[in-house]
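Two complexes follow with subunit A in common, the first pairing it with subunit B and the second with subunit C.
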Partner chain A sequence: MKIENNSLTSLALQKFKRNFWGVFSIVLIGLIGLVSVFAYVFAPDASKNANQMHLSIHSKTPGFQVQMLTIPSRQTSNQSFFSKLFFGVDNLDTEIPISSYSIKEGMLSYMEYAVNGGEGIEKQISLSNFPNNDYQKYIDTRTFIFGTDKYGRDYLSRILIGSRISFFIGFVAVFISLIVGLIMGSLAGYYGGKIDAVIMWIINVTWSIPTLLLVIAITLALGKGFWQVFIAVGLTMWVEVARVVRGQIISAKEMQYVTAARALGYKDYRIITKHILPNIFGPLIVISAANFAAAILIESGLSFLGIGAQPPMASWGAMIKDHYNYIILGQPYLALIPGICIMLLVMAFMLVGNAFRDALDVKT
Partner chain B sequence: MSNTPIIEVSNLSVSIFSKNKEVSILNNISFTVKANSITAVVGESGSGKSITSLSIMGLLPKTISKNTSGSIKFNGNELTGLNDKEIQNVRGNEIAMIFQEPMSSLNPSMRCGKQVLEIIQRHTKLSKSEIKEEVISLFQKVKLPQPERIYKAYPHEISGGQKQRVMIAMAIACNPKLLIADEPTTALDVTVQKDILELLKTIQKETKMSILFISHDLSLVSEFADEVIVMYKGKIVEIGNTKTIFKSPKHNYTKALIGARPSTEKRFKKLPTITDFMDNNIDKEVITDSQRQEQHKILYSQAPILEIINLEKEYYSKAGWFNKPNAFKAVNDVSFKVFPGETIGLVGESGCGKSTLGNAILQLDKATSGTIKYNGKDITNLSKQQLRKLRREIQIIFQDPFASLNPRIMVGDAIIEPMVVHNIGADHSARKKKVFEILSAVGLDESSYYKYPHEFSGGQRQRIGIARTIALEPKLIVCDESVSALDISVQAQVLNLLNNLKDQFQFTYIFISHDLAVVKYMADQLLVMNAGKIEENGDADEIFNNPKKDYTKNLIDSIPKGIIK
Partner chain C sequence: MIKYLLNKLLYAFITLVGVITVIFFLFTILPGDPAKMMLGQNQTADQVEAVKKKYGFDKPLAKQYLYYLNDLSPISFHSNNPEDYTFLGPNKYTATDLWTIGKTTTVLKFPYLRESFTKQGKKVTQVIGETIPNTFVLAISAIVIAILLGIALGIVSALFKDKWIDKLIQVLSTLGMSVPSFFSAILFAWLFGFVLHEYTNLEMTGSLYELDDFGEKMTIQWKNLILPAIVLGIRPLAVVIQLMRNSLLDVLGQDFIRTARAKGLSEFQVIKNHAVKNALNPVVTAISGWFASMLAGAVFVEYIFGWNGLGKEIVNALNTLDLPVIMGAVLVIAIVFITINILVDVIYAWLDPRVKLY
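After this line comes the complex of A and B, so read on.
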């Protein structure tokens, strides 16, 4: 016997698959997620936080090329493979952008790259600094696809690694808000009465605290950093989830199948988790997608104000903050690139939310 | 009676498009409505009767439906193909419509008078005070009590029957030539229904308009209409004079519609269903009075399974911060006994407290005072744990087969779940085997196990609900309007199923319904409830033949009996 899966969930998924923008957005989100997890694999500058600075080539246009001399460090780091993969290489080597070089009597003399095409300082270094005197391996031509930031760091690497913060703050905030919101909302909606009144009071109080103020308060208590932002955003966002869950449960509670479940002698926990929550999944997914987008925006706002992720950590909001004055200085791309990234990610989440809402709408 | 047709529908076909698939819902129908007469369209849900009326009004959504062929002529003028503006002049002015749900067809934030006033304003050029007089006189015409008060009242301040009267007033405000009434009394109590029908009839006589009356209830129509059109699956199966159709129905489907409704005169052992009529295979075995009496002797010599003593349920409405809360007794001092193996019928109009009583017995809502004894033990103050054990013994079958099943749970899992919770059956495979047995007992095949509720029809869903209920092997089952939402033919099947299961598993039923004819067919003992109190109590046949209270008499008289006999 062939069993066709005709559950509402699979029907909704089929409908979702037919929505081009929904599928496109979810693929985009998946790609960004993949990039953010394996950021150090993709990033040209795989040093920790993509923090390899070359001050002489700061604020260069996208596609900028330069010869780079790497002077290897004598210290050896004993970093594990996984640490390198996920947290970047502890870079001890020195990198020097050069305009030309020559070899003289066992010495490598090179001309340092200078701003505005001016003459740089000529310096010399003994070839014995290089293993096996093989200096060729340490001089290469570097292309900066997105250019460099105001400290001469590779902008592409910063963007790739910065996606982590934006992406993870979305996840953590939505996760925290879902856990707290689901529990509080379910309790308030299902039991009603005094429990509802107390929880609604907490919700209203929490809602009245501005996110910014809460972050500042938490920063004061726990110190600056992106974890504090994660927690603060999650803790302010749960109220929306709780209100949606509460409202949905109040209406779902009146459905006859819930009465039927009560009449069949099911426990409250089973009724809530098996009979009510699966049926209010639609609005929950939609609000989670919206929260995801909102969390990314809040984080970039906080980073812009300087209370989000702290330097040298890369974050899209902080990158805009660092470079927004370049907009009028003829290099707007420095602020535009992270801006467009934020916009793409937020819009992808919004579109996915909309597509899910349409797919889960049983009426059409 | 003149014979000029006011509406002439010829070869009308309508299709609906869903997911780019064309589904034909009206198939080549032709009929006429004569001037100054009442024509009724009868059929079950999905037969296309409402679509017919909507296409006459031009109210079908143009994006998903299409008039594939045919014509509709109103007073000789073609209606199909008119643009929106032209049809708006016909609508309201010449053809008016009243709907099934008076609760939702009036605007709740507008006073009743103003809603009628608006229509007259749109179609005439009278002054404001003249219009108001006109509205009041309309209210008098539809026999609304205190028309001045209703004029200023909001819809929620008046009763369902009164709302329907306001709707009728709105419909006849512009003296239409044709009134389309789409199940105007289905949502109303039988006694109110009778009044509304009488009102429609008198108004029709006075104004000489025509009425196209749409209903699923043949016996109701037979008392009321001059001509009857019987529809089935988008086709007209029979058309003709009311008397001839009822005295000598030609089509098997019409015969089935007339026969499937439980008769108040005879008690058939098995109700004939539509398939029985189609196959000409009708079981005419009747339970005689003496058989019944013998059975009752055995029944009532036992100890009662359930005893309700002085049960009361109060609801409070908070009037304000400083006012005392108003108490409203939904169930007021009710006492009765239920004996094992019997079916006790509980009948009454909406709001009489019959469902509240059912919920109190199930302990879904706690009673305010009084005792409920189950097998001699008081169950009103059990602990949560004891209550869950009791759930196994007392069960409920719900009214709405669409809402009582969780749409996200597979049918098989929905039936297994109560067994898991109550530890019935040894393991999963044993339970699954039992589910298949139960499914076949309620007349569903094994593949239903893997399907979801939305893949079934209303009658099938009600069977699933019944299957889930009997999976617990309860002793006492409360049927709360269990067949009210079903079509007549399906209703007969489900009633037969309930009786079969009763014989098979020795259930005791408390059968709650507003439909006297159904309750009379099912019940051994009958309770008539009114305003929270038990009005009359006794053997079902006895009450039917010799009602003692005026209320019961009125209720029995209001049942549409048809002109069959």
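After this line comes the complex of A and C, so read on.
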């Protein structure tokens, strides 16, 4: 006979599984997460930050094809396999888009690809530049599925690698906000009195400064860069967590199980971490999903203003910033693709948050 | 009631002091020398010294903080010694002398937010005063759109629960919450100002006041308000729809609705007079909190539509690192936020006798 598992967790899980959009979003998030971890495996341009520029083929339409001549570098890279896998290849080779080539007397002469289909410059290179004179291995036809950006980089690769920042900021911001929020909220809720007053004051002060502007201020104070943004976003979002934790602890404090724990002579620390916190797990999950979504939105906004991730790092917000004037130049997709990516990811997290809220029966 | 009000005001004041402190320290521990930042490329050591002296950058941090508070406070203290930082020169600000004790004069003045780094010493108060009315117009229009449309759609959604129209509204509302405002601004500007320009006759960018065709007079251009107001309203709209739907569904399940139906009222009367009226409460509370965050949210919308408001000013100031303007703007928005919160609390206490006054 099969034993029915009726714990609250499994009941909630069963309820969650029935929510189509919740499951769909979890799967979507999982897929995007996989893509972001193994971005350099999937990306056609696996160079670090997908930063292989070819100015002569800038802003080409999706599906654009060109012959590419790769001139291998004489320097050898001693990059480890894992570094290549997770951080991209340190690119030393030169890539030149060409329109035609021919071989004469041990020399490879090629016609450089010209911007508007006009005549390019003819150049020659000795075959000895290629290992074993096997030049054919170094000429291939490239297809740019999403076209190229304004520096002639592969747009698909940039999009794939850009997913990393969005994911990463979500994790870091949620992590920081949970730690700070849990500590502050528990202290305020459990001890009350003066500690509560001081922490509530800090919460109200942080609350009064709009999140975006506070993040901008912290980013300015810490200096431009993506770690600074991570910390800044985490430091502004703990407020939400702290308020919820405080409220939940104040009501949990009156519950009999806490009185019982106190009667057994347990220490405050044990009562908070072992008895109260597991019981407010539900609201925390819901709020973390919302914070994840908010963090992605804020990061994209900061990168759009140019104070988030700095070039050449790929970030969806920065890609919109770089290309949004192309919408009137007949190539709106350059701004639309990263925008749709942000929307999809944020929406997935919101739907997951909603599904958890329904499954765990959390009132917000 | 008076005591309640005073308590609220006192707490707001303490919060404000906290905000000022946070802003001051965040912007003062910036890496890099603010004096050099102000002077730009061509600077001499003398100039740097002079600027440091003028703005008090050469003083210790604690002293700079006190000077900052002194500048912000409506009642401030000034030394009669021209060498001292707090000496009130003729160009600093207009103030009314209250009294002089020894070498210190106490004056009454309008809070002084210092001068812009980049606009040839234009006062920050003036910069904000010129731009914030435009932002208010934008934010109020956006809120009005969000409330009217949001309540209507929320009611439709609740009445047709689980029908296709409810699902459609839900999807649109989730979409509205997920789209970054700069992206929706770009989309709307492109779609309605460029692709459909022939039909809408709207421009991609434009502010409330534009020079007329002869370049002489500033004329008011209401049509430039349409797109930015809609875009800024998207997020509050999405929230209002959800709130209204859930709140109305709650109310519809309650006993007094059954009573109203039992009395033989028509379904329309039940909804209009009994259900909607009671469902509005949580919506109104939520909206009041939205207003101040819209002032900040306007940053992207104003930047993309070229709307001459506080948000666009903030982006400009960010690009030129015009710190006093950013500090002033953050402070003003925080003050608006705090003020609105007090107003809402007080109005609630006044309207609803169940609210505890403490």
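We adopt the following convention: the second predicted complex is superposed on the first by the 342 of 364 C-alpha atoms of A that agree within 3 Å, B and C clash if a C-alpha of one lies under 4 Å from a C-alpha of the other, contacts with A are read in each partner's own complex, and residues count from 1 in each chain.
Note that a contact is a pair of C-beta atoms (placed from the backbone, for glycine too) under 8 Å apart; a residue touches a chain by one contact, two chains touch by 3 or more.
Worth saying up front: this structure is predicted, and the values here are computed from it rather than measured.
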{"item": "Partner chain in contact with A:L297 - subunit B first, subunit C second, else both or neither", "value": "second"}
{"item": "Touched partner set for A:L360, first subunit B, second subunit C, both or neither", "value": "neither"}
{"item": "Partner chain(s) touched by A:L213 [first = subunit B, second = subunit C, both, neither]", "value": "second"}
{"item": "Partner chain(s) touched by A:S7 [first = subunit B, second = subunit C, both, neither]", "value": "first"}
{"item": "Dominant contact partner of subunit A by residue count, subunit C or subunit B", "value": "C"}
{"item": "Partner chain in contact with A:H275 - subunit B first, subunit C second, else both or neither", "value": "first"}
{"item": "Partner chain in contact with A:V346 - subunit B first, subunit C second, else both or neither", "value": "second"}
{"item": "Subunit A residues touching subunit C - in the complex, by the definition given at the top", "value": "201-202, 204-206, 208-214, 216-218, 220-221, 223, 293, 297, 300-301, 304-307, 317, 320, 324, 327-328, 332, 335-336, 339, 342-344, 346-347, 350-351, 354"}
{"item": "Subunit C - residues contacting subunit A, complex", "value": "14-16, 18-19, 22-23, 26-27, 29-31, 174-175, 177-183, 186-187, 190, 194, 204, 292-293, 295-297, 299-300, 303-304, 314-315, 318-319, 326, 329-330, 333-334, 337-338"}
{"item": "Complex contact set, residues of subunit B against subunit A", "value": "362, 364, 387-392, 395-396, 398-400, 403-410, 417-418, 421-422, 447, 450-452, 454-455, 465, 468, 472"}
{"item": "Complex contact set, residues of subunit A against subunit B", "value": "1, 3-4, 6-9, 255-257, 259-267, 270, 274-275, 278-279, 362"}
